[in-house]
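A, B, C, D and E are the chain letters, set down in written order, and residue numbers restart from 1 in every chain.
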Amino acid sequence: MDIATILGVISAFGLVWIAIFMGGGIQLFINIPALMIVVGGTLGATMINYPLRDVFGVFKVVKKALFARNTSVAELIKRFMAFAQKSRKEGILALEADIKEVNDEFLKKGVQLAIDGLEPQEISDILETEVEFVRSRHQLGAEIFSTMGTFSPALGMIGTLIGLVQMLQTMDDPSRIGPAMAIALLTTFYGTLLANLLFLPVAGKLKTRSKQEVLVKQMILEGVISIQSGDNHRVVEQKLKAFIAPKARMTADTQPAKA
Amino acid sequence: MDIATILGVISAFGLVWIAIFMGGGIQLFINIPALMIVVGGTLGATMINYPLRDVFGVFKVVKKALFARNTSVAELIKRFMAFAQKSRKEGILALEADIKEVNDEFLKKGVQLAIDGLEPQEISDILETEVEFVRSRHQLGAEIFSTMGTFSPALGMIGTLIGLVQMLQTMDDPSRIGPAMAIALLTTFYGTLLANLLFLPVAGKLKTRSKQEVLVKQMILEGVISIQSGDNHRVVEQKLKAFIAPKARMTADTQPAKA
Amino acid sequence: MDIATILGVISAFGLVWIAIFMGGGIQLFINIPALMIVVGGTLGATMINYPLRDVFGVFKVVKKALFARNTSVAELIKRFMAFAQKSRKEGILALEADIKEVNDEFLKKGVQLAIDGLEPQEISDILETEVEFVRSRHQLGAEIFSTMGTFSPALGMIGTLIGLVQMLQTMDDPSRIGPAMAIALLTTFYGTLLANLLFLPVAGKLKTRSKQEVLVKQMILEGVISIQSGDNHRVVEQKLKAFIAPKARMTADTQPAKA
Amino acid sequence: MDIATILGVISAFGLVWIAIFMGGGIQLFINIPALMIVVGGTLGATMINYPLRDVFGVFKVVKKALFARNTSVAELIKRFMAFAQKSRKEGILALEADIKEVNDEFLKKGVQLAIDGLEPQEISDILETEVEFVRSRHQLGAEIFSTMGTFSPALGMIGTLIGLVQMLQTMDDPSRIGPAMAIALLTTFYGTLLANLLFLPVAGKLKTRSKQEVLVKQMILEGVISIQSGDNHRVVEQKLKAFIAPKARMTADTQPAKA
Amino acid sequence: MDIATILGVISAFGLVWIAIFMGGGIQLFINIPALMIVVGGTLGATMINYPLRDVFGVFKVVKKALFARNTSVAELIKRFMAFAQKSRKEGILALEADIKEVNDEFLKKGVQLAIDGLEPQEISDILETEVEFVRSRHQLGAEIFSTMGTFSPALGMIGTLIGLVQMLQTMDDPSRIGPAMAIALLTTFYGTLLANLLFLPVAGKLKTRSKQEVLVKQMILEGVISIQSGDNHRVVEQKLKAFIAPKARMTADTQPAKA
């Protein structure tokens, strides 16, 4: 889980927690029926909206987005430079041993295709199709979370309206108005909290992560094609560095890793 | 009716139902005039906005979208592979018998056009026009539901304003303020409920379904053209698998169905 | 006036009317100054926004959109098939007599251009320019109504704020608070009602009508070009049917009308 | 100042004025600190958002848009027809005398470039660049006003929150609650009023005016090129009329003005 | 720090400050827990949404955007004219001495590339890539600030809901309702204030600044290419002036600076 997300969750939920405790305690803010309306209703509306497989698939996408180790771009460039050197010295078939230790499935597949001797255009087509499907899966994930971020405040409002109608119908004892209204407001509280501290930021995170992952995959694609065409390791480096910001380029070590 | 929709409807409406019962009973939330303003007013505004035929046609589109059996993509590929084998062995005319048992009207028509010996470009034009009309019909359906999802909370607010004005004008007896306000809030409740648990999720469902259906139709189009040009069944398989996600491809059985 | 609009207006306004009557009578909801602020203010803001000619021109566009008889597409195809037969038998000049009885100015002009012997490209340019101007006039109309739909709730809120400020300043007699607040809320009621049951649905109607009218005009354009190039009436039919949905095609009678 | 704007301002502000007077008098609605928060805060936020020069430049753009005499398109066509006749009879240099009396700087410049003998492509490039800068200046103006229309209700809400907090802290004397709340609401009133009767309609006006002005400038550009290439005055007329709606063409007098 | 921002901050925050003081004093508006919820929660949600590096990087972007000295376009043109003269007289290598005193890193790099004798296409590629990265960094900054401007009012609402729930549960002493509600409203006040006087205007400023900076960088790119191809200083001037508005061109002094 990346550090920004951890810090974000701590500072956002932590501060809400502190504010709640300072004002008298958490028990005022726990109301299971209210929570059920907001969470269940939001999930329900989302399940009407999207196929079941996509709704549950989104949690896997999120887990991956939050916990996946960020591929180091500098590492990647070094690795491809090493591949290039070895490939030029010992032939592209020599890479077969190296890719066995590679964790990244996409990188493994790309180099394997080059070893198998496919045409550059074919490799490019196969890998680009895969990138496209990754991108559309992430986009769907972000879209589902945005949708939940739209439904959850609305469900909160529905819950509050239910509470208000019930309270107003039985307004005999004025001393009970306050607590009843407090409970009615809880669903709005839950809906707003979930939307703004969970659903919408996670939707944003998925979009951000998707861009990074697609960029890395495009670098791998470029690298594989470059190695296959027998480029010198300096040329490979130059081609891959075109994908990263000019400033980041200087800090990236230019020595090829031992392959 | 697909399972996601059923689960969604149960969890969303069920939880609202439970919340209402726990708070004293459903009778507080039934108010025919309030329901008439929201439902009738929303329908009315929608009928001013769209032609009558489109408004009523949308219900057929929704029924189809919710209850239509999902075409299995793996089945479709197998079927086309079988068609390809038979067509290469016995000639394309031999498919005439097979398509009689096909349920999918679009598939039937496509293969029939190939049997009739039309040019690939002509077949493609005819089928693509049909796909385009399907797509635009779905899009119109999603648009009409989105519009209803915009009008229904507004109508709810109009109903609440009517109730508030009536209540405020006759505020002599304070004990009647509560119940009168509860009734005034009911239209807002109905409007928000309908928009967020019915109109907007169904609009989303129509968009999702449309993408699936158009994809299947495009696969059929590709398959028909491929068979007509006498492709080997492995080539047909490869061409059709390009439409589905790389992961799903592995699970798709590559044995042609018995044709 | 098309039937959807009539039904829409009846069901929407009718239900509001009933709700008002059931709650005590219409006189609570009539307040001339409140109506003046909302209607006058909305018109005023719209007149600052758009040139005077466009604001008043929009009412003519609306009248046309609501009351214009829908051109029957099937009729149109039959008419063009009859034109095609006659033109091939007696020459295109023979159509001069037929178009005298045609009501549609656009159709009349198109055929006249063909009779006058202009080049297909010229006819196409002239008619397309006209279609483009029709489309942009409709679009402007829809835009003006959308703008009024945005301003009228805002003006309603302004009126309510005026009422609230006046009421709050003179809160000596508690018994007068209720009625004063009721009156203050009336402007919001008017603003919301006008926006959601008049301005926004009519804006939608204009967009829908515009699509229909432009489609019909494009069919006429295609038909005129087809007749001029001496196409057989079956070819004309086929070309025009490409504009309509596959299902609608079957129901369209394929016998040419008596010309 | 065009008549639509005058009518709009009168009807919008006039009706608000009347509503205020009927309810007891204007003094309830004048509150200098409230006005300062809304106007000053909106200007402040806008000045953080845009460069100082652009914020002040926008007032010049507005003045021009509201007070500029609308160039008559019919006049323009007649003038160009006269130019064409003279140019063909006496040579293009003869226009030097005519353009001295022309008020429109853009027209003057365009004809001067033609007299100076620049290539059509060069003239076109120079004039198009100028049109582009005019368009982007108008667009910036509309954008700044839209921004002010977004900030001013927000500032109104901020002012109201300040007033509410102050009122709620010192709620000892119930008789003072009403007037204090009235004052608190005034900032929201000002913010909504400014946004909906000033900022947003003027933003719309700037967009509308920009389209008109750009259209006229494009007609001038077309006319200059046409004259330079020695077109007959009827050809010039035809080319320029292509810019205006078919209906407006008939009313445009086709006699060249005396040049 | 540019003068518009200073004036904007003074007028916006100053007026709010004055309004607060006139109503009784600042102490009513200081509430550390409320501030913590809004600021901490907004930062937290933003950190979940964006990578940590981007969130903190944005402050550097903002500092640069607010405090960076605006490059004078007129100065830039004069400098390039001087470069052009010297380069034509003494050869492009003679510029090596001049660029040592240049502060603008981008300009320095561009001229250095020309001196090093790279092909125009290569120079253009390298510099354009850099411009693209600058543009995307600014865009990300504006996006992050817009996101904060969306989250901060939502967090304000969450804080207010917490306060309301706590207040309503313990409504025994009516005299404490007012102050408790005042404190509850403070989070909404903070959230709205931060969004509308800080986050959103700064997001706008970043967009505006980005356009300016990118324009200047594109002028430098054009200038470097122009000098390398040996253009006369008048040609360089003309090429660079094409980037600025026609009116601004006249005021730009056309004498080359002493190089």
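Operating definition for what follows: contacts are C-beta pairs under 8 Å (C-beta built on N, C-alpha and C of every residue); 3 or more make two chains touch, one makes a residue touch a chain.
Since the structure is predicted, the reported quantities are computational estimates derived from the model, not experimental observations.
Counted as hops between touching chains, the shortest connection from chain A to chain E is 1. In this structure chain B contacts its sequence twin chain C using mostly different residue numbers, the overlap staying below half. Between the two copies, chain C and chain E, the C-alpha superposition involves a rotation of 145 degrees in steps of 5. Averaging Cα coordinates per chain places chain D and chain E 28 Å apart. Look at where the CA atoms of chain A average out and do the same for chain D: the two points lie 45 Å apart. Contact residues on chain C toward chain B in their complex (touch as defined above): 2-5, 7-16, 18-20, 22-24, 28-29, 175, 177-179, 181-182, 185-186, 188-189, 192-193, 195-197, 200-202, 204-205, 208, 212, 242, 245-246. For chain C in complex with chain D, the touching residues are 33-34, 36-37, 40-41, 43-52, 54-55, 129-130, 133, 137, 147, 151, 154-155, 157-159, 161-171.
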